[in-house]
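This is the structure I want to talk about, given as structure tokens.
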Amino acid sequence: MPDLGPVILSLQLAGVTTVILLMIGLPLALWLAYTDSRFKPVIEAVTALPLVLPPTVIGFYLLLLMNPDAPLGGIWGSLTGGTLSFSFAGLVIGSIVYSLPFMVQPLQSAFEAVGRGPLEAAATLRASPLDAILHVLLPQSARGLLTACVLTFAHTIGEFGVVLMVGGNIPDRTRVISIAIYEHVESIEYAEAHVLSAGLLAFAFVTLVGVYALNRSYRLRVS
Amino acid sequence: SQPHRGDVMLAVATNFLATAEALEVEFEAETGLELVISSGSTGQLYAQIDNGAPYDIFLAADRERPRRLVESGRAMSGTQFTYAVGQLVLWMPDGDAASFDGEVVLGQADFRALAMANPDLAPYGAAARQVLTGLGLEEALAGKLVYGQNVGQAFALVASGNAELGFVAASQLAQGERAETGAIWRVPGELHEPIRQDLVLMRHAAANQGALQFINFLRSEKSQAIIRSYGYADIGPDA
Amino acid sequence: MSADLLHLDFKLRRPGFKLEVDKTLLLDGVTAVFGPSGSGKTTLLRAIAGLELPDEGCIRFGDAVWFDSAAGNVLSAHRRNVAYVFQDVRLFSHLDVRGNLDFAARRAARAGRSPDFETAVEASGIGSLLERPAASLSGGESRRVALTRAILSCPDLLLLDEPLTGLDRAARRAILPYLRELPERSRCPVLYVSHDLEEVAALASQIVVIDSGQVSASGPVAEVSRTLDLGPLSDAAGPASLVEARIQSVEEGGGLMRLTIGDVPVYLPAARDARSGETVRLFIDARDVAIALRPPGPVSIRNVLPAHVHRIVSKDISAEVLIDLEVGGAIIRAQITRAALEDLSLETGQAVHALMKSMRLAGDFR
Amino acid sequence: MSADLLHLDFKLRRPGFKLEVDKTLLLDGVTAVFGPSGSGKTTLLRAIAGLELPDEGCIRFGDAVWFDSAAGNVLSAHRRNVAYVFQDVRLFSHLDVRGNLDFAARRAARAGRSPDFETAVEASGIGSLLERPAASLSGGESRRVALTRAILSCPDLLLLDEPLTGLDRAARRAILPYLRELPERSRCPVLYVSHDLEEVAALASQIVVIDSGQVSASGPVAEVSRTLDLGPLSDAAGPASLVEARIQSVEEGGGLMRLTIGDVPVYLPAARDARSGETVRLFIDARDVAIALRPPGPVSIRNVLPAHVHRIVSKDISAEVLIDLEVGGAIIRAQITRAALEDLSLETGQAVHALMKSMRLAGDFR
Amino acid sequence: MPDLGPVILSLQLAGVTTVILLMIGLPLALWLAYTDSRFKPVIEAVTALPLVLPPTVIGFYLLLLMNPDAPLGGIWGSLTGGTLSFSFAGLVIGSIVYSLPFMVQPLQSAFEAVGRGPLEAAATLRASPLDAILHVLLPQSARGLLTACVLTFAHTIGEFGVVLMVGGNIPDRTRVISIAIYEHVESIEYAEAHVLSAGLLAFAFVTLVGVYALNRSYRLRVS
């Protein structure tokens, strides 16, 4: 029976990352979808940049930033008294940076496909912008929202470069399942790696089928 | 379970992880202290320590990076010593174990791909390159060399059948009760510099009694026997 | 009954198009916005709703400033308490019909209004569609749902962009009385874009005529239709008159009611909701008015009214001429052939008889 | 001029709705599809276009089998050579107007047809819109573009779903003659969904009436309109007659032309494109027909025709009654008040005079 | 002056991967967007699965599949006479597997947002399904297409776990830029790592701004 610690930690990390990224990504994608600003292409490019560097390298730079003597690490230290690197909070920040494009880009294209029409209709029915976003735009972008969350969540589960670098692979604190599998492969414990991988895949498959089937029947019902 | 810090935090180069875990069992039984082991590549562990990682002891795969940490003052001077010496082997799973002579096989070059660890990153890789250079084969084999990022990946390249043979660590072939089959050539020590793996004690752990206890534990003959049983060579006199 | 001042004074530029309005409307009941395709009717409604921001100027409704470029004030659309039925319908595709209606009704209730779900649904005849996904509705069905949704929003101002287009006669007949009563019931004036002159006549007390982004006329419907030939702009009707009349008696036998234009009695089929003493608008197609020099003898035409030729509007090339007749102080337009004009040798001031074949309360489709 | 057999014999079920058709239509010119909202007109057109597959049955057009559930044959939509103007327009939002038109014209040319870009654009008056993005068009403008796009596809069968809805009178007037000539010019029959009876009269030779998913009547327009009161289904008109007449002379002075219904002469304002000897359809609103016992003396009404009372259609409760008059062998419906009926004591067979105030070539809006 | 070999190799790999994935992803996304099949959620889940395993682990399993005695490697060998692992082709296969979800999911949500309406309109104007897809659906899904390609391309540039494992890190043959940066970090050549990273980021930023600005003006012109 493999140790469940990394599994739980991975789910926590992916869950927290997805929720926080949703909170960051939604307003960003909204702005990008509806703005007329000249800076839009620039912000779009910045949003996509985390993809270009390998995760381990992103992790390295985050490590430099999170060092207690560096700006980010310093501020965190003075606020919480702890260090950001090698903590769960550090992992979350790393995953957020790395997964940003997977959240923002699908959301943005979903919003652009919905367009202004339904939002205008909602506004003329007394719906505030927030109300219209929550009750018209998001339901109508259901598929894009799902895509964004699935990509972000699954990718955070599977990602290990950033996490390994920033988190330091500390059991029960920053050792997530992807690192555990990686470690087994690296230390030639192939049997253990197979078990963990198969378990992860089976779990992911069942969850995803559930999510997609739900999404489908939901949309069948209303469209 | 609440995350716990444990009594001693080790940063262990991946190639030594399995051995370290075996030692952990002994040590914890002996002292009642708790070890927490993090593993990674040596370069990565170095970068982490350089940026304030909370490890007490760094068991590296080389001597260079522990030395640098001592130089930069992150580690206690005088605590660096060689805890294990790697044994390089040439492994050919489908080879004929009886009549396997590495020099001959390498010389004939009758294979598609020869795997080894990245010589720029991994000590086993550097050693393998010295072997090829020494045999004068580096040029001849250049087109057939494939690299793993570390010796673990080099092993995977061979084990999965993608490379017919490769330079791996003896510790990978004989780990505890698991033993690989096939043709194995123990590379003679004179063909490369010894693969010395050093450890250092971090400055912030200078007063950690558990850490000092572990260092002493590693020096013990009992520990060294365990280490040898995992395929490492005799430490010999500290250089 | 509500009456609100809508003060419009703004310029709005789009590539290849400019809307310039400077008009204060006393919105009372239904105000029609009338004009050819592409003239800017939809753009005007959007600017009023807050969906389109003018480049400069101001828009005020009652005491509220909705837009004022000088002061930098913009009240966002959802705070203007307007409801808008879009020309392209815009039901929420992720909801069923009930969900669409509830969306409006809930927010209206939260804003302290009292939407009457049952009445609105019944009046528009969509009771059987409530559980249907919005996307499965036919063209006419979705228009009716959109209209009902707007009504359930209980707005202070209702903006309708060709809301009856695509409805068949039966559906219109069902919903028109409801629309007509809407301003009174909801104390909410209505701005109504329509191509159908009779629809306008039936519903609107005022009309704003827009042409190439400019208000070319505005005022009470009867007045504007007298000075401006709205026919070419209209969907169904040609030249026509709108005349006010007073109901004298609802039961005159034979299903007729008696009204007076000035002091001239006229007879019309009794309307169901007509009340004695009420002033109503008559819609009279100019082609339905014939002119006789003498009373014509036994004829099925009920209304043979003493009249004077007020004005002869000659369209040079055409085979038809328009004659304005004065009947009981009102002007009624007749369209006759040039041949008839010559035959009868009509002249301004001449006493004639107007034969009014069909004449009905505006919007009384049957 | 084309004439193709469209054989429809299928069942199509949707939740809460069933369309069942078993009808063979000889498509010749324009065939109107008429019916109340939600009756299945759009669904019928979609099934014909191949956008909706019936559950069982078959659809054949000329020699081509388009759908045959028994044989398992389905010809996909793009191979049926039909063009479709959708009720919800559906311009391609990523293209400008010219791009939308080119899309159709190019593929038509590739299929060996010869679309005439200039003529089509000119006839629909969209020349000035060509460089405009599709999304920036007003409601009426986009309908005109969609119609032009369909025409440029040079189909074998043109399916139009309420294509003139949302167009003002001027735009309709511009495009109607073009539509009317379309079947002849393009050798392509047209199936035309419309609520507007006069539009139907103007364009259609045949009509298919659909009610609750069933064909309730079909045949030549004049015939169907005689047996079935289409008024309640119609957008604008009440009871009306469609009568065939023959043009005898185009220039009768005073801008009139002379026609005959049977052998009874009638005078109408000359239509621009009328030719002597041609048979045309007259659209006569029943409310425009009055009945006199004697000729009425000097009156502006040009057409006072000898007639017989053919039938008295009494609507019990209403103040109005319908009288079918026989004029030169044709049946013309008149709507008069019950009071007038009693006054004149009309009886079947009685000789009277029909006063036809306004009467026009169907669709000759002016 | 850093060695340009890895840079060029990276661009080639990302380009080839994106093009091939487009060819695989388009039909798959089309099917997923418009099918009524009951198996849709299952296929959707399978499509998302590559996200869940860490790239290095995927690389490990690919290695097992690609060796000349394994099915995939065997077939490849009998077809081409070569071996799949340590070849550019092997890298491409690895990247394709790994990046599949980034291509399919944004495409699918874009197609679902466009819906059937425009395709129906095209069909009634003589456009074959392929014609309608090329000239109506794809242009109307421009934003989703762009998102899919950017995510795939950038991710292939940044990804190195799979590549490292399958490719054997052979200079000029399978050593891509992300591995080069990683190596510098590992061997404490931080200055070189900074130079390469900054260069890569600058290049990516300029390219992305260009792409997004083009996309924007294109869409401004036509919508």
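Each chain gets a letter, A, B, C, D and E, in the order it is written, and its residues are counted from 1.
Rule of thumb we're sticking to: a contact is a pair of C-beta atoms (placed from the backbone, for glycine too) under 8 Å apart; a residue touches a chain by one contact, two chains touch by 3 or more.
Just so we're clear, the structure is a prediction, and the values are computed from it rather than from any experiment.
Chains making contact with chain A as well as with chain C: none in this assembly.
With every chain reduced to the mean of its CA atoms, the largest distance from chain C is reached by B. Rounded to a whole number, the gap between the C-alpha centres of chain D and chain E is 55 angstrom.
If you average the Cα atoms of chain B and of chain C, the two centres end up 90 Å apart. Centre-to-centre, using mean CA coordinates, chain B is 36 Å away from chain E. Centroids of chain A and chain D (each the mean of its C-alpha atoms) stand 59 Å apart. Residues of chain A in contact with two or more other chains: 56, 60, 185. For chain B, the set of residues that touch two or more other chains comprises 44, 47, 153, 156. The set of chain C residues touching two or more other chains comprises 88.
Here the touching chains pair up as A-B, A-C, A-E, B-E, C-D, D-E.
By the touch rule above, chain E contacts chain A in their complex via residues 40-42, 44-46, 48-49, 51-57, 60-61, 101-102, 105-106, 108-110, 112-114, 143-144, 147, 150-151, 154-155, 157-161, 178-179, 181-182, 185, 193, 197, 200-201, 204-205, 208-213, 215-216. By the touch criterion stated above, chain C contacts chain A in their complex at residues 49-51, 76-78, 81-84, 86, 88, 90, 92-96, 99, 103-104, 107-108, 110-111, 133, 135, 149-150, 153, 159. Interface residues of chain D facing chain C in the complex, by the touch rule stated above, are 14-16, 36-38, 41-42, 87-89, 132, 136, 138-141, 144, 161-162, 165-172, 195-196, 198, 231-236, 238, 253-256, 267, 269-270, 285, 287-288, 290-294, 296-302, 317-320, 334-344, 355, 357-358, 365-366.
Against chain D, in their complex, chain E makes its touches with residues 117-118, 120-129, 131-132, 135-136, 139-140, 142, 219, 221-223. Chain B makes touch with chain E in their complex at residues 41-44, 46-47, 65, 68, 112-113, 115, 118, 120-121, 145-149, 153, 156-157, 160-163.
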